[in-house]
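Each of the two complexes below includes chain A, the first together with chain B, the second together with chain C.
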Partner chain A sequence: MGAGHHHRLHRPGDTLVHRLPPQCKLAAVAGFALVVVATPREWFWAFGLYAVLLAAVAVAARVPAGFLLRRMVVEVPFVVFALAIPFIGIGERVTFMGLSLSVAGLWAAWNILAKATLGVVASVLLAATTEPRLILLGAQRLRLPPMLVQIAMFMLRYLDVILEEMRRMRVARESRGFVARDVRHIPVIARSAGALFIRSYERGERVHLAMLSRGYTGSMPVIQDLSAASRQWLVAGMLPGAALAVLLGSWGVA
Partner chain B sequence: MHVPDGFFNAAVSLSAGVVAAAGVAVCLRGARRELDDRTAPMAGLVAAFVFAVQMLNFPVAAGTSGHLLGGALAAILVGPYTAVLCVAVVLLVQGFFFADGGLTALGVNITLMGVVAVLVGWGVFRLITRSLRGRGAVVAASFVAALVSVPATALAFTLLFWLGGTAPVEIGTVAAAMGGVHLLIGIGEGLITAVTVSTVLAIRPDLVYGARELAAPLVLRGAGGDVTVTSESPAPTAPVAARRPGWFLPAGIAVAALLAGVVSFYASSSPDGLERVAEDKGFSGQAADHSLGEQPLADYGDVGGIPVGVAGLIGVGVTLAVGGGLFFTVRRRDEGSGRGEDSGRKVSV
Partner chain C sequence: MTAPPSLEVSRLAYAYPDGTQALFGVDFRVERGERVALLGPNGAGKTTLVMHLNGILTAGHGTVAVAGLPVGKGSLKEIRRRVGLVFQDPDDQLFMPSVREDVAFGPANLGVTGEELERRVKDALERVGMLETIDRPPHHLSFGQRRRVAVATVLAMEPEILVLDEPSSNLDPASRRELAEILRGLDVTVLMVTHDLPYALELCERSLILSGGVIAADGPTRKILADADLLADHRLELPYGFAAS
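What follows is the complex of A and B.
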């Protein structure tokens, strides 16, 4: 976390994947992630097939590989951790190129890397093909509490405003020659955080009053028709369905 | 500390999901007490604030830097229920939109960084501000609360890891590494939280939920020399409804017990930390061998004749039923009771 959050998430387009109703896509991604996590780590080729499935979705949605790779930067801290496991793991050890590695650690590292990467790519594809607002409306249709969805919507709408506010404060600090070097500089950063909180909270109060004066009664009106045809559910179900088929198929073989 | 997919086994992920769902359901009801009908816009902006603050990197020691978790800070500024909701929403958005933290690990992430961090932070804060009063006490309590919440979260992670982590790392090593690093980060978190709270206290003291008891009563002096003291606090932001301290006391006691354990662990292990861990390895190595050596097989192979995929699906069904049922009942009740309150409040606004 911390870095890599400033990419544009959504890639507008008009493909089959883009047109699917958001609730179908959400359910598909969640189902796919579950199937991936439930797959035993010994079945290498099953993970290969999952990757092929995701690649097929990416091609259908015309999401270029470079975009996917750039968005996968968030995974880096855990890749580092996963690569460290074979060295600090316990149990039986093997020697590879002069390095003593734990066998169980290698398995665990592979397990985390494979599953986390597939999960990240699936999430990135979802975010790339669906407008953030629509993802949340889809979540609401999937019976997520409306209050939670509304909070998330406000958060997304105002995130850029708050981040810009923070960026301006940073520019102001740095243009006065401030660089956070050690612990003694923490109060300066903390005062920025305090000012940011007051500005956010007061903005929230103004927004609330503005909403009240426009007739807000506790829920946001949804003006789009988000109902999904059974055919669309079928199309969206192809990703987790195919993954489940792979899982059950390899279970039958193994 | 965002946990990715595949880090914990299915059982732990699902149970953490149930805990997270229950916690969020409780907080959805509680947040109405803290923010009344302004919940959505206010909590949304506070969530955006938490998200932004998590990007503030601060230097911990030479070369390393950490970033805020923000759980304790949010709890002190806007109250514990709203804080859990905000952190949960931040994690939800990070998981779905930024691919930060796995979707199947969402329950683990919300339980750790939302429920545990906020509960511990707020519990410590209340314990201190109950016995000490005044602005200085609030600031000092903020420091301690944030300082404790970070290693507590790290230890909760270690506990979950011990129960169902998929990596064969010794539990003692994990505890030492996680605890040590996060104690350092906790000091930074504590400093930033304390100074942030004192800044807000200086400018808009009515915005600090944890200090709402400090507000002086409104005194009206009439022309004839009559003095009326209104008992009700004039704070317009936080409705000072009679808050049931109920479960905070047990939670506080649990936190105190945890704190005692944690602090004594650090105190005793600091002079000979390495030796201690090395010694423990002998005995905990066997325990770990047993629990971790068989765990992956037990989890991924057939468990009692039920194939893992089916077991997973059953578990998911149960989780959805439990979580969905909770949300549904809470939502129904909120809608039912919310209407009357809304219309009543609108007149006053």
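What follows is the complex of A and C.
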């Protein structure tokens, strides 16, 4: 049974960045992303400075570049989309290496790539330095509706249990000679998915009973004190603060 | 005046909403400090009975009282503190992302906070020998460890009576023995629902047989397990090679 594996996004450590309360880091990432999105796409060097800021955070958190790059794979669909825009874009066109590209499309592609990459790196850094459950507790501190936080918490807790159940069902199917080869096997898979849904639903009912038995009355008790000192808010504010300074500074120049 | 019994069930009857009658008038008492096994075949109504003990199901007829306090709408919070229910599947019982939060869930719902909460969590984990797993997620523990943490989650509520649903199920022999040692070392009243008869004999002086929705036998475990006809009448039997004498 699932033992000893860690959430792949999290990289345990004990740096300044790791120790910051999660709500500070969440707010910092959100603030940083807003500043990035608000930056006009023509200001190349501002984006360069943002990247330098993130690199500084990565160094402070001792997150190696290879780790970051591997986790950035989630961005690939956006990259593919962005790369397609210059080909399908309309209006004025330039010829580059024999390819006819739309100028407006190139700008749009750059805009998406630069901003998405910065956002993804910031999120990966957050996930690498913060345990998943702490991210959720932080979100709760930032007034995310408690019901959403509870749902996400249960997902975090039961994902492995449900995956294990799914694996057992697959083993049971295959033990009786079933191998999914083509579309004709979809109904079997669909019925398994339905059964898995019902099992999970029933588990939900049993968990609810267990919660009631221990005095649950509709809201999760606050168990961990996550209050942040103003100094910690200040530290976390350095990332969006510096980014904002870059943005405002560029405004003065432009 | 002597203390009221930890658990007193009288004339308890219950029918499910679909009309199926599960309990037909159950009567028994468990005195403070006793360890009692509730034996019975599948479908005897054991789980239904257990659900009444902390008010998850409400009696159709009859009463349940825990240390003198009747189970009812107004007393649910206190009843749930007094009755510690350990479910059969620890994955149902351990629903929080870390062992610490899970053990703290019950007492925190009772309003315990700060250092007292921390003390209760550590104390409960210490009693089941699981203190070193306090910061781990429950799904990273072995099955036997999870069952022990499940016991800790209710011990932290300092219950009057511990109710265990099939505590030995799915445990390997060593985990089964370790759990028995832990249960024997606890100074609380225990009601253990099981059809693991040797386990009942090992841990409980006294046994009840619940069959067909009524208490069919109540007496010393050794005597009950020695009565082959009684056991056979209620679809219970000792495993091959065992004899209670």
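Quick note on the criterion: the second predicted complex is superposed on the first by the 231 of 254 C-alpha atoms of A that agree within 3 Å, B and C clash if a C-alpha of one lies under 4 Å from a C-alpha of the other, contacts with A are read in each partner's own complex, and residues count from 1 in each chain.
The rule we apply is simple: a contact is a pair of C-beta atoms (placed from the backbone, for glycine too) under 8 Å apart; a residue touches a chain by one contact, two chains touch by 3 or more.
Fair warning: this is a prediction, and the values are worked out from it, not measured in the lab.
Novice: Just chain B (first), just chain C (second), both, or neither: which does A:R191 touch?
Specialist: first
Novice: Which partner chains sit in contact with A:Q140 here, chain B, chain C, both or neither? Use first/second/both/neither.
Specialist: So A:Q140 meets neither chain B nor chain C here.
Novice: After the superposition on A, what does A:M153 contact: first (chain B), second (chain C), both or neither?
Specialist: Both: A:M153 reaches chain B and chain C.
Novice: Tell me which partner A:Q23 touches in the superposition: chain B (first), chain C (second), both or neither.
Specialist: neither
Novice: Looking at A:L212, would you say it contacts chain B, chain C, both, or neither? Reply first, second, both or neither.
Specialist: both
Novice: Check whether A:Q224 is in contact with chain B, with chain C, with both or with neither, and answer first, second, both or neither.
Specialist: A:Q224: touches chain C, not chain B.
Novice: After lining up the shared chain so the two structures overlap, which partner does A:L126 touch, if you call chain B first and chain C second: first, second, both or neither?
Specialist: In the superposed model, A:L126 contacts chain B only, not chain C.
Novice: Look at the residues of chain A and decide whether chain B or chain C touches more of them.
Specialist: The partner with more contacted residues on chain A is B.
Novice: Please work out whether A:R203 is in contact with chain B alone, chain C alone, both, or neither, and reply first, second, both or neither.
Specialist: Both partners.
Novice: Do chain B and chain C touch any of the same residues on chain A, and if so, which?
Specialist: Overlap of chain B and chain C footprints on chain A: residues 1-2, 4-5, 132, 153-154, 156-158, 161, 203, 207, 209, 211-212, 217.
Novice: Over in the complex, which chain A residues touch chain C? Could you list them?
Specialist: 1-5, 132-133, 153-154, 156-158, 160-161, 203, 206-207, 209-217, 221-224
Novice: Give every residue of chain B touching chain A within the complex, in rising order.
Specialist: Within the complex, chain B contacts chain A at residues 2, 4-7, 10, 13, 24-25, 28, 31, 37-49, 51-62, 67-68, 73, 77, 85-86, 88-90, 92-100, 102-104, 166-170, 173, 188, 191-200, 203-204, 207, 237, 285, 288-289, 292-293, 296, 300-301, 307-309, 312-313, 316, 324, 327-328, 330-331, 334, 338, 342, 346, 349.
Novice: Which of the residues in chain C come into contact with chain A in the complex?
Specialist: Listed in rising order, the residues of chain C that touch chain A are 51, 54, 56, 77, 80-81, 83, 85, 87, 89, 91-93, 95-98, 100-101, 104-106, 108-110, 117, 137-143, 153-154, 157.
Novice: Under the touch definition given earlier, write down the residues of chain A that touch chain B in their complex.
Specialist: It is residues 1-2, 4-5, 9, 26, 29-30, 33-38, 40-42, 71-72, 74-75, 78, 85, 88-91, 102, 104-105, 107-109, 111-112, 114-116, 118-120, 122-124, 126-127, 132, 135, 143-148, 150-159, 161-163, 165-166, 180-183, 185-187, 189-198, 200-201, 203-205, 207-209, 211-212, 217-218, 244, 247-248, 251 of chain A that touch chain B.
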